[in-house]
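As written, the chains take the letters A, B, C, D, E and F, and residue 1 is the first residue of each chain.
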Amino acid sequence: MTLVMVLGAALMLVGFWGLITRQNMIKMVLSLAIAETGLQLIMIAVGYINGGTAPILDSAVDKLSAVQQVVDPVPQALVLTAIVIGVAVNALMLAFIIRLYQKKHSLNISDYKDMKW
Amino acid sequence: MKQSTFSLARLLVLVSLAVVLALFYAIWTHSTDPGNLSIIFLTALLVAAVFSDARKMPAFTLRKILYSLAYILFLIKEIIKSNFDVARRVIQPVMPINPGIVPVKTKLKSPIGRMILANSITLTPGTLTVDVRDDHFYIHWIDVTDRDEQGATQAIVSGFEKYLEVIFG
Amino acid sequence: MVRKSIALALMTGLAFILASILGDWSPMERLSGVAYDYVAHGASDLGAMNLVTAIVVTYRGLDTLGEVTVLFLAASGVAVLLRRADGEQQEKTQSKRAASEIVTTGASLLSPFIVMFGAYIFLNGHLSPGGGFQGGAVIASAVLLLFLAHPDYKLRHDVLNIIESFSGFTYVLVGLLGLFLAGGFLDNRFLPLGAYGTILSAGSIPLIYTLIGLKVGTELAGILENMKGRAL
Amino acid sequence: MENILTALLSLIILIAALAAIYLRNMISAILAAGLVSLFASILYLLMAAPDVAMTEAAIGAGLSTVIFLLAFRKTRDEEVENG
Amino acid sequence: MADLIIYIAAGVALLGVVLASARMVKGPSVADRTVALDTLTVITISLMAMIALFAERVIYLDVALVYGILSFLGVIAVARYLEGGL
Amino acid sequence: MEWYRLAGSILSLLGAMFLFLGALGVWRMPDVYNRMQTGTKSTTLGSILTLFGLGVYHPQWMGQMLILMLFIAVTNPISSHALARAAHHIGVPLTKKSVVDELVEEEPPQESMAEMEEV
């Protein structure tokens, strides 16, 4: 368990804590974004190899001995798209919030109890 | 992104903007491969075509280029001076500041010239451009020595304007 | 109070789960399994220097297609949600403060460079870090700069829609070409691999990344404009 | 050096994340979230993931801040109108 | 020797990061926090260039360039929001 | 050791000290505008010196460093100016030590809305 993994786990906890305890809906989306960052940090930390370098084979990395030098590129490829998707999904959630606000003029999640189930 | 009529001047602007953009690429990647450069130049032409409608080609003369070089040197000197000034103020236990907002007057008309003037003022000793209205700049001055408009103009602007009037005149 | 203690209990549980998952994890010493294969053969097989690009575009190309679809759905979702229905009251048009002259000039000076830099990022995606997603985000940032400098700026929706549909369609088409002419869906080797290290290498990877970049850029710009609100 | 850098940045990121959740002023919270993204990008670079760092930079520098700001403005304007 | 001096420089820049972050957390008004964020992004660009030097990879500079070009967008966005122009 | 490496690293150290001074100013100065002054000037010169020093240390990277320096020098004052204008518009007060504010006489500041936006 590396330091960055601890940080990622702590960020996830902080994000979910905010998601549960905050009443303001925009704050909840913000908390979710922070939890997302924590998860992405954990994924990158899983792919890290001590002393490894970036998986880009330019003049600094020898093509033949690259296997010994570079870090795992697969988690990086997954996280890369996840960040862009994350921002688009956040925008979608915020669009829902704007729409809800136009109905009831409140950002407090407790005012939407009638929408349960 | 309106289509304006085709003219030689517009083509010149387009090509020169594209050359500048492609030059940045060449410096950034140290690329000398002709295939790379031609592709990047085509892309740069495409980008320039989107952005080139409102631009005018500045006329280059030897005098302007010399003044630009002199201006850059002057600016570097001022920036270094300003940083030692800031350092002196920040380190002391009781900060010797005497701030205020004063107006100054500028003669420049060209938008880019005015932007460079405002940015230069922001980067030089103890001054920060807060607002721009017509020919008045409002400057936050960390050590107000002259509340009068003429005096402030003399102290803050005239050093730069001397060069910028020639370059963007 | 009850609510808070329930939340605290949930957090403790989650912390326990995370600790048990990550606790006995020790850092890898060397690449293993599929990653070893990608690193060992990626550069020589596909001609891409950036192995992340090779994975995103080719080895896991179907994932990327799915992710582009999710992005498209999110963007259309924002557009549908924020479109004004006919009967609804008009949003109060209030005058927005104009941007400072310095910001306006700076925006028009810098936006060509930002767009060019975005184009550089996706054209060089197989040589240096970056690619379609990053380049698209940078191009959307240029649009954002225009919005910040000119509050009443209107994008040409027809042009945006054409670019977006065209790039999405061509992306799938290029994938199908790979299926028929080379090994599989989104295989990049139906175009010549070219000289290692130049833009026109790695088969169809630069083409695919350009299309992804245009698509992501137009979609993010569309999201921005819909969030901003059209009626001004 | 890298360890010190990582430890210090982790500490600041945690504080900023807590600030993003607990600050009463929404704009400050959005800015704190931007700080989290900024330092996360340095951590990605330290872990040899320049592609991810670049994505985080391109998204976090402008786009995500602005999307939150726009949403917040849209849920404020009418509040003023309706009293 | 030269490497050591650059390590020290990175340490000094990190002290700056700590101070600006403290202002970011403390800052009484939104404008103070935005100033702190602006300072932090600029320091970050230098830190990223130093990390590129430690790792001996020129490609890491691309990330620094993204911040160099885009970092002012966030600050201008907040400023335009505050003055009611967004 | 080559002499240029030493020179480059010393330039970088100098730049880092200016970055630190800028942050110190952001921490110590009494109001927003003075913080902006140090925050802009010192960090601009600091990052320019640091990047230039790294370029001297590693001469192949000089081109990239020059482009980075150019962008920082253009964008940093613009953002600072935009922020100062916004802060003055919403009426963030100047410090008590201020001697004169000519801008306020032309345009009375709006009530400080951003500060009230609590949730």
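In this section, contacts are C-beta pairs under 8 Å (C-beta built on N, C-alpha and C of every residue); 3 or more make two chains touch, one makes a residue touch a chain.
Values in this document were obtained by computation on a predicted structure and should not be read as measured data.
Graph distance from chain B to chain D, where chains that touch are one step apart, equals 2. Chain pair with the highest count of contacting C-beta pairs: E-F. Between the CA-based centres of chain A and chain B the separation comes to 39 Å, rounded to the whole angstrom. Chain geometry summary: the mean Cα position of chain C and that of chain F are 31 Å apart.
In this assembly, the C-alpha centroid of chain E lies 10 Å from the C-alpha centroid of chain F.
Inter-chain spacing, taken between the CA centroids of chain D and chain F, is 20 Å.
Chain contacts: chain F has residues 22, 24, 36, 40, 44, 46, 60, 64, 67, 71, 74-75, 78, 80-82, 85, 89, 114-115, 119 touching two or more partner chains. Residues of chain E in contact with two or more other chains: 10, 17-18, 30, 34, 55, 57-60, 62-63, 65-66, 69-71, 73, 76-78, 80-84, 86. Across the assembly, chain D contributes 25-27, 48, 50-51, 53-55, 58-59, 61-63, 66-67, 70-71, 74, 78 as residues in contact with two or more other chains. Taken in their complex, chain C has these residues touching chain F: 97, 99-100, 102-103, 106, 109-110, 113. Residues 1-3, 5-6, 8-10, 12-13, 15-20, 22-23, 29-32, 34-36, 38-39, 42-43, 45-46, 49-50, 53, 58, 61, 64-65, 68-69, 71-72, 75-76, 78-84 of chain E are the ones that touch chain F when the two sit in their complex.
Across the complex, chain A meets chain E through its residues 53-54, 56, 58, 60.
Residues 1, 17, 21, 24-25, 28-29, 33, 35-36, 39-40, 43-44, 47-48, 50-51, 54, 111-112, 114-115, 118-119, 129, 131-132 of chain B are the ones touching chain C in the complex.
Touching chain B in their complex are the following residues of chain C: 100-102, 104-106, 108-109, 111-113, 115-116, 119-120, 123-124, 128, 156, 159, 195, 198-200.
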